[in-house]
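Here's the structure we're looking at; comments come further down.
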Amino acid sequence: MAAGDVVLRADNLRAHYVLDVPGGQKTVRAVDGVSIAVRRNEIYGIAGESGCGKSTLMKALYAWINRPLRLVEGTVYYTKDGKEFDIYALSKQELRRLRWTFMAYVPQGAMSIFNPVIKIKETYRDFLSSHLKGKTVNEMFEMAKEHIDQLGLPLSILDAYPHQLSGGMRQRVAIALAALLHPSVIFADEPTTALDVVVQRGVVQLLKDIQESLHNTIILVTHDMGIHANIADRLAIMYAGKIIEEGATEEIFKNPLHPYTQFLINSLPQFGDTSERVSAPGQPPSLANLPLGCAFHPRCPMAMPICKERQPEATVSGEHQVACWLHAEGREAEHAAHS
Amino acid sequence: MAMSFGSTLKELFRDYRFAVAFILLCLLITLAVMSFFAPHDPTLWYTAPRDLPPSRQHILGTTSRGQDVFWQAAFAIRNSLIISAIAGIVSRVIAVAVGLVAGYQGGKSDRILMFITDGFLVIPLFLIIVMLAMLIRDKMNIFTTGLLLAVFGWAWDARVIRAQVLSLREREFTRTAILSGSRTLELVSKEYMPYITPLAFSTLINNMSWAIGMEMTLSIVGLTNMDIPTLGTMLKWALNYQAILMRRWNWVLTPVMLSVFLFIALYWMSVSISEYLDPRTRVQRVGVE
Amino acid sequence: MFIKNYLIPRLLQYFLVIFLGITIVFFIPRLAPTNPVERTIAEIRSRGTYLDPRFVQDMVDALTEMYGLSGSWLDQYKDFWVRLSKGDFGVSFFQFPTPVITLIKRALPWTVGLLFTTTVFSWVFGNIVGGMAGYAYNRRWSKALDLLVMLIRPIPYYVFALGLLILFGYVYRKFPIAGGATIGATPSFTLSYILDVLRHSALPAMSLAILGAASWFQTSKLIVQNVNAEDFVQYAQLGGVREGRIIFRYVIRNAMLPQITNLALSLGQILSGALITEIVFSYPGVGHLLYSAISTGDYNLIMGIISLSIVAITTLVLIVDLIYPLFDPRIRYK
């Protein structure tokens, strides 16, 4: 799968939740210095435990910032028709026009994302009519029908109310809806969580089919490493608001550099391997109360003194990046090794 | 919930509504307390010249019955507050009892209690109160009025408390307590009360406001004891003497304005307390831009 | 399925509530310390009328008969229901010998007209404006309205009506202060009569409508602020759906559902408010009738009004309950 050039670029993105609690304010640093570049025609996976900031990162990339979430620092650039633009510099109207036509979103928990008092086809119509001009209601219903049919979903779902559909079906409807206007980027936040394995497969397949027919970009967030192994072309591992490792999926699975990544991969069951599964000891840190230095050091079996003091910067070797003192270049590494 | 009373108060004061309400209430209660220093018995007529405009001697003037408006008002507020306090407290007891039992026991007792509660909610209360008041007309004093109002003021809040108990019952600590062998009564009083008490308090204030309004409404149909000065009876006397027609605004508007201040103060206080308690609205109060 | 799970329980509840309500209304006066006949005699006496002791017993008998208090309680109870089903509430005391039902029928259109228009208006208006305010809860206009409502809402119907009466009836003489139409005007379908009625109902209607709208505004705003955070609203915003559409089809449509239920629950209180407002403005509806009944101790009239109100409210609640599934497909289809 030849990935094209960059369609989305984030530089030093920081997005925090600022909460008013009795006694002052609490800042949750959900996204704390993330820089990534996502390409055309690829499925880009973001992995990590719950609470590491993955969903917030997606929202920040989609420019979906609502209080108490705030964009503290950083820029997000998209490339459309060869031109690069800063999504945060757009007016509300321009942003609204881009949504669904250029970039779409499949939120976490498709259980409750559909308006419960209208039929699915009406929801489709709402999305369509907000972005297309000059179509009659019937034409829009026809478009919805065709689209659903193409993707192999039963036509009956269009006349159903959301509560009449199963969870898995709702998820697929949401994914189908995301692809409706052929957007260049589709964000999918935990599309398989809370679904049983068989249904998961259907969802994953749907994502694959869409990407293959549209040749667009899908950014997929899930804690399930198995899914990433299945369809992600490139993979980023997120921990405590930062990307700690990134690279081609195969490369990461074959050669995980960061100790945390190693834990994540080792926790995957494999056929025939009956050895004990070891997960990372301890708990992920509270994003409101991050430790000094590398956020992983309290749980890292290979922590060195420097890990407790300073945050590691990303080291790049080809396509594979990692932020860990173990793999740092230059004097820092020497200093770390000798202390 | 383990915050000291002082810091809770400070938090509440950040809401301008609570601050304004608190000050208003303090002023009104001060007025009520002043009634203990009144120079005359409020039920006596002609203790002063009739229909005087406000002056240094009579701050708010006098009524057509020859009474000082200011001192009448002081007694009126005091009695209205007492009646509403009785009504509020007794109805809290009923509301909390019903809400707790219905919410915690569930099942049949819940259904029966809710059926009764909904019955009280649906039936036009004013009419039933009127009917009862008519029958005990002679025996209406501060206490009976308060009790009468209490019997009809618990329904809505019983529902509110029941809702809270239902959500508490589903929480982790309930299961833990039950598994560790706590008896029902102990569980309820120790674990639930910290949540129920503030809720009962905010509904108490709301209920008191309702009770004062109801007392005034009963007065206009002549169902309260006219010899006891309350905001309602004071207004009724003024109306009986055609105070509006005769443009005697000092007599008519005093109970009206005082009651309006009271309603607003009580309402603002109850709203700010219940918003403070509701975790959803609390988080919404984010700091400066 | 729907019929069984939704309709039947509600019908059962409907009949049960009416049955219990009327029964309670039946028993309360009979359990009270003074019986209505004694009261009426006392009332007559208190007005200074002389009652020849030879005829007092006759009077007592006549009143007992008139009030339906003769015979055993069981007899009275059966008789009560029989008469109720025929719409016979006995004869009015203060407007002897007019039957109670006639008096009520005369007053009813005034009350229904006032009540229906103000309730519908305030519910719709309050919900829409409250919904928009809840959606834009950060804007200044929303906060300003909120403050205004916070000042109006806690005021009871009586005090508010009185305030309006003073303000627009006396201080700024804009509206008539009493009656349903100018005294002596003959009811007809002429424009002048209709305008006359409208002018007279302006103040009571404003009183009810403003208080009602304030209340619906507030609950609507609160509900909408919660609905805003609902996943499906967020989703529509993520999808770039037009804001107007979101406000009406996603937010208000869904916020309306609990408000329909709330409407059913508030009907009793709204009726009470209407009656009280009528009393303040001497509006010739059921409220005013009630006031006269209380002042003259007209027992039959009071019982009639209360019984009818219970039936009316319970029926209205049932109707609203039955309308609800039309708006919520989750109840309609399982």
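The letters A, B and C name the chains in turn, as written, and every chain counts its residues from 1.
We adopt the following convention: a residue touches a chain if its C-beta (ideal position, glycine included) is under 8 Å from a C-beta of that chain, and two chains touch if they have at least 3 such contacts.
Remember, it's a predicted structure, so these values are computed and weren't measured experimentally.
Farthest from chain B in terms of Cα centroid separation is A. When chain pairs are compared by contacting C-beta pairs, B-C ranks highest. For the pair chain A and chain C, the distance between C-alpha centroids works out to 55 Å. Taking each chain's centre as the mean of its C-alpha atoms, chain A lies 53 Å from chain B.
Between the CA-based centres of chain B and chain C the separation comes to 23 Å, rounded to the whole angstrom. Looking at chain C, no residue sits in touch with two or more other chains. Chain B makes touch with chain C in their complex at residues 17, 115, 118-119, 121-128, 130-132, 134-136, 139, 209-210, 213-214, 216-217, 220-223, 235, 244-245, 247, 252-253, 256, 259-260, 263-264, 266-268, 271, 280, 284. Across the interface of their complex, chain C is touched by residues 62, 64, 95-101, 104-105, 107, 109, 111-118, 126-127, 129-131, 161, 163-164, 177 of chain A. Partner chain A is touched in their complex by these residues of chain C: 230-232, 234-236, 238-242, 245, 249-250, 253-254, 257, 327-330, 333. Listing the residues of chain C that touch chain B in their complex gives 13, 17, 20-21, 25, 28-29, 32-34, 39, 150-151, 153-159, 162-163, 165-166, 170, 225-226, 264-265, 267-269, 271-272, 275-276, 279-280, 290-291, 294-295, 297, 302, 305-306, 309-310, 313-314, 317.
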